[in-house]
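Here come two complexes built around chain A, the first alongside chain B, the second alongside chain C.
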Partner chain A sequence: MTIAFYVFASVALLGAILAVQVTNLVRAVFGLLLFFGALAGLFLLLMAEFLAAVQILVYVGAVGILMLFAIMLTQRVTGDDRRGGGSRGGFWGFLLAIATFCFVLLPVLRDAHLHEQSATGASLTTKLLGERLMDPYALTLEVTALLLTAALLGAIVVAKGTSEDGEGEENE
Partner chain B sequence: MLVQFANWVQGELACSPALAKIVGILLAAVPLATVFALCFAFTTWLERKGLARIQNRIGPNRVGPFGLFQPIADGIKMITKEDIVPRSSDHFFHLIAPLLVLVSSMACLAFIPFGLGMTMSPIDTAVVFFFAILGMNTLAVFLAGWASRNKYSLLGGMRAVAQMVSYEIPLVLSAVTVVMMVGSLDTREIVGAQVVEGWATSENSGLRFLGQIAGWHVFTPWGFAGFIIFFIAALAETNRSPFDLPEAESEIIAGYVTEYSGFKFALFFLGEYIGAFAVLGLAITLFLGGWNGPNFQPWWSSDPHALLIPGFVWFFFKMFVLMAVLIWIRGTLPRLRVDQLMSFAWKFLLPLALVNVFVAGFLFHVAKEDRVWASVAAFVFLYLVAKGLSRMNQSDAPAPRKYHFAE
Partner chain C sequence: MIGLEHFTILAALLFCIGLVGVLTRRNAIIVLIGIEIMLNAANLNFIAFWRYGENTEALSGPLFALFAIAVAAAEVAVGLALVIAVYRHYRSVDVDKLKSLKG
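And then the complex of A and B:
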């Protein structure tokens, strides 16, 4: 368990570093996907299989593909771009990272009560997750769905452009 | 049998849990890898024979009886061939892509229940995991196209991504109906729900015979429509003909596999077929009753649950029947055009799948005594919806193509 944690964590770190440091855009995307995949592995270790599956489905499957699509639609399809890859403002970025760690993460870590959990204890079943989503958090879910629908409609309007023909048959 | 053997080995190794765990994993994974590699070999032979028959040829008939050893000869040829890597290609990703295709396809098999207790990874959320890992296939194919640094490969990769993303939605939506009706994401429970409880355990052997079939989801209106949608989307998802645009040899040479040779090409081939097996396996699990089939009680046994034909026999029988249908389709239908492909997914399959979800939700709440009438009404309704959608799509004949950049 511990070994698996360190493996996943180091893979995640490696992926994150690759995503930031590699100059080739497509390779950077794949670094990011490696990071997402390792994160899914970490979720698995926390006995949250549904979350892990959704992590792979949404981030590796959908977000990654979306990024690749975006790269495909530009002129530099091969992803080779040596320009503009410099790390200007690195100092401020570093400062921001330190500040985030000190003022956001540390207080949370100090307040959190991480009580000992048995490794194969009562895991959050999918059924429970569904019931929670439908009962106490139904409003949140609805609002999210509404937001997504609005975004989809907006995307269709943008994509249709000036031509007035064809109906927008699009669904979530 | 295999399950009993696995249990016996586990019992013997109980003294060292770590070793038992490793051996258990190997015992589950190795048969899976070998059996499906053999299935792949057999299917390539079947496909060549089938296509040859459709085209009035004989097909492979030199190596072994009926040409049955042709796949082995092919394998030897593939291994001994030179592995050519283009100089400007991305060497690392060029190597990784075929492996990723194979690994993601193989991993999908872990969630398919081949028989009672024969699921390699029996987890709660198997269906979600299946689709998550199936999505990795898309990435791998794109990676292959991109890493080759070849215009045709890149075009093939882009086509593959567009096609797989589009068809994944009807695929998942048609599976959603089953998940809704069964109320579980567990593939074992989905299979279990397709046995008519009262009949399958009754004394009457005829009724028990029927009870193994009558509960299949494909016989319900939502299951029937869902199965057809799932099957079509599965064809597209696994790049099978008539949806094999990403590797159309007449347009873009061979798409993303253009720059692959030797064993890497064989890996792509293998991964693609195993992906097809996995998706068909899920179709069988969701709609065709999984490992259930017409069965008898063996005459020497008094246990009413004993079955003469083991479940996995039925499973593989169904899988090969579906595979034969795939080959038949490949031999019969011409390849689609890109715009037809897209409009078919977004304007026909997706609305139909959504309507199907609503129909399933409606049937879920119908009282038991009205279920027959509701089912008939649902069948008619779904038929009308499909008819109406195809009518609506007919009207927009492809407009004369406008060339933006070619002037």
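And then the complex of A and C:
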């Protein structure tokens, strides 16, 4: 458990750092996929197998591929961001992120008194998860379905464009 | 033994890495990647607090994480559609160049 945690944690940190620091966008997305995979491993360590599977299916499978498609549609396949990719005032952003960690998150974690109790209970069973989704969270589930439908339609409408390309007008 | 603090500190580190990506990079796709990293760090916290908490039968943590994953998937789909629309209009996804609303 301990060794596995440190391995997954370092892989996740490495993947996240690669994803935000590499200038080549395709490599950045592969770093992101590494991060998602390591996070799925951490979910497995926390005995949430179903969420690990969902993480791999949704993030590694769908979101990563979607990002690669977006890069190939916008950056002419190679995705090289050769002007360095740093924003104007990027130094201040970096400083703000470090300050957020040191002065906001770390003191909160220090003061939280997270008592050293071991993990309890059986692992997350999919049957129980389904029952909980049906009993107290049915309305939330419906709203999520509505949100996904709206996002699907919205993504199609936004990405299709209006009349610049000429195509797609007759389909309306 | 790995305690809850390990997971929360890891999640805080990952959140700050995502924040660095959002604040320091110019490419809109990298900004989206940073947002995804931050959302996943929050999900890790949900699962860890559920696992080390008292009432594991209620499954609040995994259900929150599940809904967060659904919302994040919707967000990334709409975000990437917006990136493609912006690219079609400006021929660039550089967020520093998008300043039509600047007075």
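We adopt the following convention: the second predicted complex is superposed on the first by the 118 of 172 C-alpha atoms of A that agree within 3 Å, B and C clash if a C-alpha of one lies under 4 Å from a C-alpha of the other, contacts with A are read in each partner's own complex, and residues count from 1 in each chain.
As a convention for this text, a residue touches a chain if its C-beta (ideal position, glycine included) is under 8 Å from a C-beta of that chain, and two chains touch if they have at least 3 such contacts.
In this text the structure is predicted, and so the values were computed from the model without any measurement.
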Between chain B (first) and chain C (second), which, if any, makes contact with A:T2: first, second, both or neither? second
For A:F50 in the superposed arrangement: first (chain B), second (chain C), both or neither? both
In the overlaid three-chain picture, which partner chain does A:M67 touch, first (chain B) or second (chain C), both, or neither? second
Touch check for A:T126: first (chain B), second (chain C), both, or neither? first
Scan A:L14 for contacts with chain B and chain C and give back first, second, both or neither. neither
So which one touches more of the residues on chain A, chain B or chain C? C
Output check: A:V26 vs chain B and chain C. Expected answer is one of first, second, both, neither. What do you get? first
Where on chain A do chain B and chain C both make contact? 50, 54, 62, 69
If we count contacts the way the header does, which residues on chain A are in touch with chain B in the complex? 26-27, 30, 33, 49-50, 53-54, 56-57, 60-62, 64-65, 68-69, 72, 77-79, 125-126, 166, 169-171
Contacts from chain B onto chain A in the complex sit at residues 90, 93, 123-125, 128-129, 131-133, 135-136, 138-139, 142-143, 146, 149, 154, 158, 161, 165, 185, 346-347, 350-351, 354, 396
Of all residues in chain C, those that touch chain A in their complex: 1-10, 12-27, 29-30, 32-34, 36-37, 40, 43-44, 47-48, 50-52, 54, 56-59, 62-63, 65-67, 69-78, 80-85, 87-88, 93, 95-96
Give the list of chain A residues in touch with chain C in this complex. 1-2, 5, 9, 12-13, 16-17, 19-20, 25, 28-29, 32, 35-36, 39, 42-43, 45-48, 50-51, 54-55, 58-59, 62-63, 66-67, 69-71, 73-75, 81, 83, 85-88, 90-94, 96-98, 100-101, 105-106, 109, 112, 114, 116-122, 124, 128-129, 132-133, 137, 140, 144, 147-148, 150-152, 154-156, 158-159, 161, 164-165
